[in-house]
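A short write-up of the structure that comes next.
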Amino acid sequence: MSHAATHTIEHAEEGLGVYTQKLGMWVFLCSEVMFFTALIGSYIILRWGSAESWPVPAETLNIPVTALNTFILICSSVSMVKAYAAAVHDDQRGLKRWLLTTVLGGATFVGVQAYEYIHLIGKGFLPSSGLFGSTFYTMTGFHGFHVTCGVISMAYCTLRAFRGKYAGGNFHGIETVGLYWHFVDLVWIILFTIVYLF
Amino acid sequence: MQHWWFPTSASSYGAELDNLFVLILYITGAVFVIVEVGLLVFLVKYRKREGRKAEYIEGNTTAEIVWTTIPAVVCVFLGLFSQPLWSRIKDPARIPADAIPLEVTAKQFEWHFGYPGPDGQQGTADDYGKRNELHVVVNQNYRVRLQAEDVIHSFFIPVFRLKQDAVPGMQIMAWFRPTRTGQFELACAELCGLGHYRMRARVFVHTPEEFAAWQASQIAPTTPAASDTTASSGRTAR
Amino acid sequence: MTTAGVAAEHLEHALHDDRPFIRKYVFSTDHKIIGIQFLFLSLFFLLVGGVLAMVIRWQLGFPGKAMPLPGAWPSTMAPDGVVLPEFYTALVTMHGTFMVFFAIMPLLVGVFANYLIPLKIGAPDMAFPRLNMWSFWLMIPAGALMVAGFFVEGGAASSGWTGYAPLSANPEYTGATYGQQLWCLSLIVFALSSLLGSVNYITTVVNLRAPGMTWFRLPLSIWALFITAILALLAVPILAGALIMLLFDVVLHTNFFLPAGGGQPLMWQHLFWFFGHPEVYILILPAMGIASDLIANGSRKPIFGYHSMVYAICGIAFLGWVVWGHHMFQSGMNPRLGTTFMVSTMFIAVPSAIKVFNWMGTMWRGNIHFTTPMLNGIAFVAMFTIGGLSGIFMAATPADMYIHDTYYIVAHIHYVLFGGSLFAIFGGIYFWFPKMFGKMMSERLGKIHFALTFVAYNLTFFPMHILGIGGHMRRIYDPSQYEFLRPLQPMNEFISLSAFALFISQLPFIWNFFHSLFWGKKADINPWHDNGLEWTAPSPPPHGNFETTPTVYHGPYEFSRPDMEQDYLPQNQPLPAPQPVAH
């Protein structure tokens, strides 16, 4: 009976023409958009919806370091694209190399963020330090959590790549994880702009 | 059964609000009768009988356009009909200019009423306060500034048909004009903790003379503590 | 019938399934088992919520009197059987929370979406069976965390099921420090479970439909569940975000909703109701879909205006996003916004009216079979109509000013969620029980259950409208505190007695359910003579559902075709060939 399962999926009524994993990821990302909308929307209401003045972010946060970190995350998105291209062209060496680069980039980002947190907490800037503290830690914290999840799933993909699971142009898994990774990257660009720069 | 209906209105807009309610009741009542009677008729008339087959009907565009349009028109009408009354009651810009200002502060689980004193101005030396007792003059406009100290409460005077939440960190304006003298009740209508059910105050609508006498007794340095105890006796009981 | 024959022939072969017990029935990835697991879990929570309601009704009907078994109640809740006010606020909070998040929503979405979607679209399983399993198993910790609230110091969360801040955001205001945290955590886990479910339902409906199952051949139950999944997908993360901020306010002392630190209490309400109003439709749309299937089947007629039914579902779902402010008319929100929300809310009456009239149109000139599922379907229409009409009073902002936060609202929500959703759920259970378990439920007990429930339900909830018009506030522990409410006390007593009767009326259902499960009459493949694909698979369907992928030839409501003897035509059988025209 279990063979029937895989059999039917291939012969289904015309869907969106997108394979199921990728469609599932898109659907999931819609939900993620709403989640971050709740957090970012609240930040916008709290910051610009009241007359009270907001602290200047640059006085508390280290913008150059985070800017560099942002650059690293963007680069990891680029390397993800490279990994996807390698998977599509069945270039196993390239796939492994670019996946590793991406994992490394993501891990670096999380590491720098952890360092930033330790530094800020040491300075006495806490989640309870006014609305700025509340929103800063909640938004960047949940983004960091998403990056961590991304790093873990990509590490898993890397492991699978080394075991040759993506051989023969089997790129679906890579593309699906890649979508998530680009999304997380995009969210960070928004967060960096409105939390650090404005 | 008089208790099966609204408590008698005692404010300037109360009757209009009741009329709106009755209007909606007529409209929805008509729909209710049409639908429920129609259902019953169908259930009897088209009940299962041997040898009979249901008619193969997939729909009827005309019928559907009719029952889409009619509710839409009725609802737009109700919206347009309700809007002026709503903005007259709640729009801060439309509070009557001659209204006497009152300061109402809610906290777990009591109401504090700040009166402007004989000069009719808040923030002057003759102001005085009263716990859990709202004293007002009949046929006089009042402007209430609602504040909350801790959690959200809701200022609800059933006979005035007035309800407005008091939100900590916000100052919300409301107004009313009592039209009937007597003693009424004020309740908290928003869950505010375990004592929510006893967050009650009394509302006294006086004639001008009565009010003047009461006000004089408040300003005179008599024993305010004594009157406060009577006011709070209702809420300490469980 | 060929299909039935083929399926029966393969039944034995199909049921031969060598998965070990734990994979088959416990950590199963089979959508049917997961649906049944959800059924047991959410019926359990329905019972829990019902028991809490009985305690609430006891206190309101007989304030301050000792409950039965006075010694059995913990002294932190009800010493000597007398409910404490702090326990009462916890009761109303947990009753609402259990019913909304752990009973009605999983009953509609967890049970019917899981069980019906793959079967009705002709798929072997969900798109992501393992995620589906996680979706169920996350509900267990979510439920456990919620129940745990009753047993921690300070008691369960007591800020209402809506958790209005700042009451919920600072433990000092309620005393339920741990209870509130557990409430937040539980609902965050619940949100995750809901997310996994929604991703599955949407992907499955889009990508796994059998050949020929075009969008406009989907049964309305599937349309409703699909649109509901989209609502849940987009609304529940908003709740999750709000809950996280609330939890941080309680635990990390952030200031999102606490005005002392610059936060905004009204922001909680905006977030909560931006989730909450789509949530209301999550709780009613699947019921509408199920009722549509039941009514077409019971009337032996095609659904009246199938396309407009679909558009009405979409219309309600869309409008659901732009009406959240109608919960906040008296909250201190700008009154001009109130006007906007009033107008958008009024428009919801339009698709709702379309649906009610189309259900009536379906029954018109039908051949109505009074089966238990059909009776529940009819009750759904009748009761949803009342719930919908009473909603118009609240949509009109000035009328809302008086009835907001009174028993009128309580009456309204129960007419929609009990009279609407729960009748459809009962109808659905009676209807699909034979498919789920291969056994018929007793029709006689089913009708007794229906009749008792219908009467007791109306006696319980209809008088609440009158209490509301009398000005009776919600969530008050002791109405006798107020002089103007004292004359209403006999009605409160009457409601309480009716509520007890309503609770007892569920006993025939419980008996029927478990008795039929073991000793019920064996069910045929298609006992209701329905057209859905699920009725072409064996009862119960084997792992993988269909021996061969079904092909779909027409819509799901081909009842009583004039060119056929039989009054139904399953979706996997071609339409009869048109009669040859004489030359």
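For clarity, chains are labelled A, B and C in written order, and residue numbers in each chain start from 1.
In this section, contacts are C-beta pairs under 8 Å (C-beta built on N, C-alpha and C of every residue); 3 or more make two chains touch, one makes a residue touch a chain.
The shown structure was predicted, so the numbers you read here are calculated from the model rather than taken from an experiment.
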Note to self: Is the chain-to-chain touch network here best called a line, a ring, a star, complete, or other?
What the structure shows: line
Next item on the list: Name the chain whose C-alpha centroid is farthest from the C-alpha centroid of chain A.
Entry: B
Note to self: I'd like the Å distance between the centres of chain B and chain C, where a centre is the mean of that chain's Cα atoms.
What the structure shows: 32
Notebook entry, point to check: How many angstrom lie between the CA centroids of chain A and chain C, rounded to a whole number?
Noted result: 34
Notebook entry, point to check: Could you state the distance in Å from the CA-based centre of chain A to that of chain B?
Noted result: 49
Next item on the list: Would you please write down the residue numbers of chain C that are in contact with two or more other chains?
Entry: 263-264
Notebook entry, point to check: In chain A, which residues are in touch with two or more of the other chains?
Noted result: none
Checklist line | Complex interface listing, chain B residues touching chain C | finding: 3-7, 13, 16-17, 20-21, 24-25, 27-28, 31-32, 35-36, 38-39, 42-43, 46-49, 52-60, 63-64, 67-68, 70-72, 74-76, 78-79, 82-83, 85-87, 89-92, 108, 150-152, 154, 156, 158-159, 161-170, 172, 184-185, 187-198, 200, 234, 237-238
Notebook entry, point to check: Can you list the chain C residues touching chain A in their complex?
Noted result: 14, 17, 122-125, 127-128, 195, 198-200, 202-203, 206-214, 233-238, 240-242, 244-245, 248, 252-256, 261-264, 267, 270-271, 542-549, 552
Notebook entry, point to check: In their complex, what parts of chain C are in touch with chain B?
Noted result: 64, 84-86, 88-89, 92, 158-160, 164, 166-167, 173-175, 259-260, 263-266, 299-302, 304-308, 330-332, 335-336, 338-339, 342-343, 346-347, 349-350, 353-354, 356-358, 360-361, 363-370, 378, 381-382, 385-386, 389-390, 392-393, 395-399, 401-402, 404-406, 466, 469-471, 473-479, 481-484, 487-488, 559-562, 567
Check: Across the complex, what residues on chain A touch chain C?
Finding: 1-2, 4-5, 7-9, 11-13, 15-16, 18-20, 23-24, 27-28, 30-32, 34-39, 42, 45-46, 49-50, 52, 127-128, 130-131, 133-135, 137-138, 142
